[in-house]
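Shared between the two complexes below is chain A, which pairs with chain B and chain C, respectively.
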Partner chain A sequence: MSLKVSNLSMKFKDEFHLNDVSFEMSKGKIYTIIGRTLSGKTTLLKTIAGLTNPDSGEMSLDGVDFGAVPVWKRQVAMVYQQFINYPHLSVFENVAFPLKQRKMPRPEIDTRVRQALEQVGLQGFETRKIQALSGGQQQRVALARSLVKEANILLLDEPLVNLDYKLREQLREEFKNIFSAKASENAILIYSTTDPVEAMQLGGEIIVMDEGRILQQASAQEIYENPKTTKVAQITNDPAMNLFEGEVVDSTLVLTSSIHLDLPPHLAALTCGKYTFGIRASGITLDSDGFEFQIELAEISGSETFLHLQHAQMHVVGLLDSVQNFDIGQTVTAGIDSKSLYAFDKSENLVASPYGGTK
Partner chain B sequence: MAEITLQDIAHSYNPEAADKTYALNRFDMKWVDGGRYAILGPSGCGKTTMLNIMSGIVRPSEGRLLFDGVDVTDHTTAKRNIAQVFQFPVIYGTMTVQDNLAFPLVCRGYDKAFIKAKVAEVSEALNLEGLLTQSANKLTADQKQLISLGRGLVRDNVAAVLMDEPLTVIDPDLKFRLRRKLKEINQKYRSTLIYVTHDQNEAMTFAENIIVMDNGSIVQAGTPSELFDRPKTTFVGYFIGAPAMNLFACSAVNNTTISFGGAEIVTDTNLEAVASKNLKLGIRSEYIKLVTAASENTVSAKVQRVEDLGSHKLVTADFESQSIKIKVKREQEVPAENVFLKIPAQHCCVYENEHLI
Partner chain C sequence: MRFVYVTLKYLAVCLWSVFVIAPFLWALSTSFKDFNSVTGGATYIPWLQFEPSLEGWRVLLRSPAQGGVNIVEPYFNSIFVTCSASLISIALGTLAAYALSRFTFKAGFIKNSDITFFFISQRIMPPIVLSIPFFIMLGKLGLLDSLFGLILVYIVLLMPIAVWIMVDFFNKVPKEIDETALIDGCNPYQAFYKVVLPNSIPGLIVAGLFCMIFGWTDFFFAFILTFTEVQLLPVAIVALNSSITPWWSLSAAALVCVAPLIVVAFIVERYLSKGNLSGALK
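On to the complex of A and B.
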């Protein structure tokens, strides 16, 4: 089974919610759509679900015009950011609802609902009222209801965003197993998020969206190693990838009037001229052979420290492998690992990556 | 700005009931003038109740609240002169950025020249100078939150800035920016900032001191590195850090050595006084090393799963039916199956009845 979307566009006043969106998704896989708020993620999911109509474009499922299938006939289930359940019904009735609509025989409903509740870890909660559940439990109910339908497309619109950080971490791990099981039943799973770590951890294929447009579609690893544009590099890294202007002059990389680096082998093919260079925080760290930077801020995160550094017009975030306190304004020497540099051209497209490819 | 003291504070939402319950159990706390604090805990732990007591939205059923030694327990929110930033930006959408920032001063009847100077100063500090004549509706979520904050900062002598999950609606890459701004403001104005969150990552990166709460009680107060390296309870070990601290049931072999899953591990902890059978070893996934041969303080394990987290890999390994997580750098090779895990003695936390020894 495959879902093919071609040239979907949708405009509201002057603003594109979807701008010439095309992709193909195949069964048995998990897809993560990552993008900032209002990048078009929800609109895209709603279009697939049939809850909103695009101005133009086509969708087909296994070669059949999917856009022409009425909403109620689409084998699609959707889980939302908000915990959407029927407040007057019990947990069991909530999950059973779509099956009752289909007039499925009671014993079969019973079996399916119990199976789904077990999958999401809510066995024993059948008779509970929705209001008596925590946010995490309510989202489990919504997920169970989407699983029980045996839909062949499961849409998850930032399902964990309204939950506590720690619960999010726990459910992400649990849900990942449920999603893999679901996908292996020949379903297509589409998960939207703003969080790079979440996208990486789900481990499927990533689609990067911005302003209604798809910027890149590739495996998590490929996106990490070869982000196609500066925008992709920013959206898919937390902290965002450091970006700064620089110039290749013969075999030297000139970043500021006093920061000059030897051109590393992976950038040797660059012709002389100006580029935007990118490097992750992990590529910049304290090094007595480095350059002088002023500490703008130091932030402790677990066993590491993020350093916000400034040198002339250059503002970057570096990473220290240990926990250390610094005064704001303090001068330190930090090195830039030229082997980890990405280079982008004038149009912000990737031209060289430490991982070799510009596929 | 002021030093804030919470003296014998406790709060019950049903203080008259025979079986009264406490949302906040009795505690003492002092917030130093100019400090940067986070109150961290899961939903329902009492953190918002604590914040509301300081802002005056809730009057504590027991205890006293002092600002610079003055009892303000019965003062209204307005009289306390507190600035507040909420989860969702509270701005006047139809007004310009300038008018939004000026609003609290206009309401208090300040003269025009003073208002102009103050707005200019605060907008410069928040990098909003270029947006002053824009309509507030047109701004991004993080800029809107800066205006909420700016409206607090234009007032003189604000006792403290209280923030309740102020980054909830902000995208990850913008969060970083706003956090940086908040800290700069803290440095510049030496304002006491108190920040409530359920997100340990935000608390760790923002605060000098974190108060971890659970079930209406303060379970630990300390610097981010104290909470990370020496969590006082297994709950703090679980709650702080991503992934959570690895915790295993173990038993004491001698004064420094514990045994778990068939391995003996030497720790830096003195186990002489251990009396209980409920003993646990806590070890952070960041401190475990993958090694190729057995030596002192290693356990043998089987790799189950390797997750790509970008700059790190998260390895899940099993030994003796227990699962352990190890965080390694992206570049590090992870063996396909058998691996030895080195557990450094100085990073072992041993818990008796869920409390750090």
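On to the complex of A and C.
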């Protein structure tokens, strides 16, 4: 089974929600759509579900025109970010709803609903009202309802975004196993998120979207190692990849008047000239042999500290593997790991990557 | 400080209760008086201050030939007209409100909000403006002085209330609930009556209650559009008045008139407070 989308476009008040979107997805795989808010992720999922109609383009499932099938006849299931359930029904009735719509025999409904509830860890909650559940439990009900349908396509629109950090981490791990099991049933799973960590953790294939357009579609590893453009590099990294202008002069990399680095081997093929260089926060860390930077902000996150650093016109974020307090304006010395540098040309396309990939 | 605040709060509640309950007690007390008790000065407690009499209540059941005003028929006429008009208004108004809430209509400069305002504007207009057109239309249709004619007129008057309340209510029901129902295999009509409507019960009750109150208490159109064949309760009560105002029977009639609304309010109150939409979108 494969879902083929060709040249989908949708415009609203001169703004593209979908801009010439084309891709092919095959059964048994997890696809993660990553993009910033308003990048067109939800519109794309809703279009696949049949809830919105594109201005142009085609969709087909196994070669059959999918666009002409009304929503209620499409074999799709969808989980929203807002924990959407039917408040007037109990947990059991919520999960059984799509099966009752199909007029399935009662004993079969019972079995399948109980299986789905067990899968999401809600056994024993059958008679509870939705309002009596926590946010995480409500989202589990929504997921159980989407699983019980045994749909060909499962759409998950940022299902964890409204949960608190701890629960998000926990459910992310649990859901990953559920999704893998679901995908193995020959379904297509499409998961949208704004969180690069989530996208990388889920694995599978990643589709990077921005302003309604697909910027890159590749495996998680490929996206990590070879982000096609500066935008992809920023969208798929948290914190966003540091980008700064620099110049290759002979065998030296000139980033500012006082930051000169030896050209690392993976950038040796670059011709002399100006480039945009990128490096992840992990590539910049405190080093007594480094360059002087001023601290603009120090963010403690769990067991790490993100340092917002400034040197002349260069503003970057570095990472410290420990928790430390810094004063704003304090001067520190930080090193830039030139082996981790990406190089992008004037059109912001990748030309050199630390992992060997070039355009 | 807290004691003073609590005391003032309870005092305010007590004063308000007296303000609300006193007219009922006054009407109840007066309904058991006769001419002498009413004109003999202010008295409130039966048996102690005046001898209770059922005359005020009997007048309501006596035929006009026996010197009474039979309100039984107008009473049931009012129930029939109000309930029918309210139910039809709610049914039509809910469908209109759902469409206005969920779909975008655009014809030139006219948008959804303009259509909603058009409905509400029917209530903003002074009733006297509508009375002559209604009179002429019902006359041409041969529906003057008929229950059916009154139901039609009340539908026109009550539907804007239903639309106004239900549009606001549907706007608060997340659109994603309808979408989820569609994804779960409902066609748009099934999504409406299987999912959206059950989650809109508090709104339906509020709209129904308002329609019933407006329909039940209307005097103006009931008076203008009926003559001898059909009479509604408010008109029958006014007909009680003569050269001597019979306060005892007027009070009894007022209590009988207001009783159904109180009963309905008590029944629906618990459904209103339930408001079961909170789990739709956390």
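Criterion: the second predicted complex is superposed on the first by the 358 of 359 C-alpha atoms of A that agree within 3 Å, B and C clash if a C-alpha of one lies under 4 Å from a C-alpha of the other, contacts with A are read in each partner's own complex, and residues count from 1 in each chain.
As a convention for this text, contacts are C-beta pairs under 8 Å (C-beta built on N, C-alpha and C of every residue); 3 or more make two chains touch, one makes a residue touch a chain.
What you see is a predicted model; the values in this text were computed from it and never measured.
Visitor: Please tell me, clash or fit, for chain B and chain C sharing chain A in the overlay.
Guide: Aligned through their shared chain, the two binders fit side by side on chain A.
Visitor: Name the contact category of A:49: first (chain B only), second (chain C only), both, or neither.
Guide: second
Visitor: Would you sort A:145 into first (chain B), second (chain C), both or neither based on which partner it touches?
Guide: second
Visitor: Quick one: classify A:235 as touching chain B (first), chain C (second), both or neither.
Guide: first
Visitor: Touch test for A:224: chain B only (first), chain C only (second), both, or neither?
Guide: Touch partner of A:224: chain B, not chain C.
Visitor: Let me test your reading of the model: by the given contact rule, A:135 touches which partner, first (chain B), second (chain C), both or neither?
Guide: both
Visitor: In the overlay, answer first, second, both or neither for which of chain B and chain C A:300 touches.
Guide: first
Visitor: Pick one for A:86: touches chain B only (first), chain C only (second), both, or neither.
Guide: In the superposed model, A:86 contacts chain C only, not chain B.
Visitor: Once chain A of both complexes is superposed, is A:256 in touch with chain B (first), chain C (second), both, or neither?
Guide: A:256: touches no partner chain.
Visitor: Look across chain B and chain C in the superposition and give the shortest C-alpha distance you find, in Å.
Guide: Comparing every C-alpha of chain B with every C-alpha of chain C, the smallest gap is 10 Å.
Visitor: Taking the stated contact definition, name every residue in chain A that is touched by chain B in one complex and by chain C in the other, in rising order.
Guide: On chain A, the residues that contact chain B in one structure and chain C in the other are 135.
Visitor: Can you tell me which positions in chain C touch chain A when the two form their complex?
Guide: Residues of chain C touching chain A: 174, 176-177, 179-187, 190, 195, 198-199, 201, 276-282.
Visitor: So in the complex, the part of chain A that touches chain C is made up of which residues?
Guide: 46, 49-51, 70-72, 74, 76-78, 80, 82-88, 97-98, 101-102, 129-133, 135, 138, 145, 149, 162
Visitor: Taking the touch rule as given, give the residues of chain B at its contact with chain A in the complex, in rising order.
Guide: 42-43, 141, 169, 171-174, 176, 179-180, 183-184, 187, 197-201, 204-206, 224-225, 228-229, 238-239, 241-244, 284, 286-287, 307-311, 314
Visitor: In the complex formed with chain B, which residues of chain A make contact?
Guide: Within the complex, chain A contacts chain B at residues 36-37, 134-135, 164-167, 169, 194-197, 200-201, 203, 220-221, 224, 234-235, 237-240, 280-282, 296-297, 299-303, 306, 308, 317, 323, 328.
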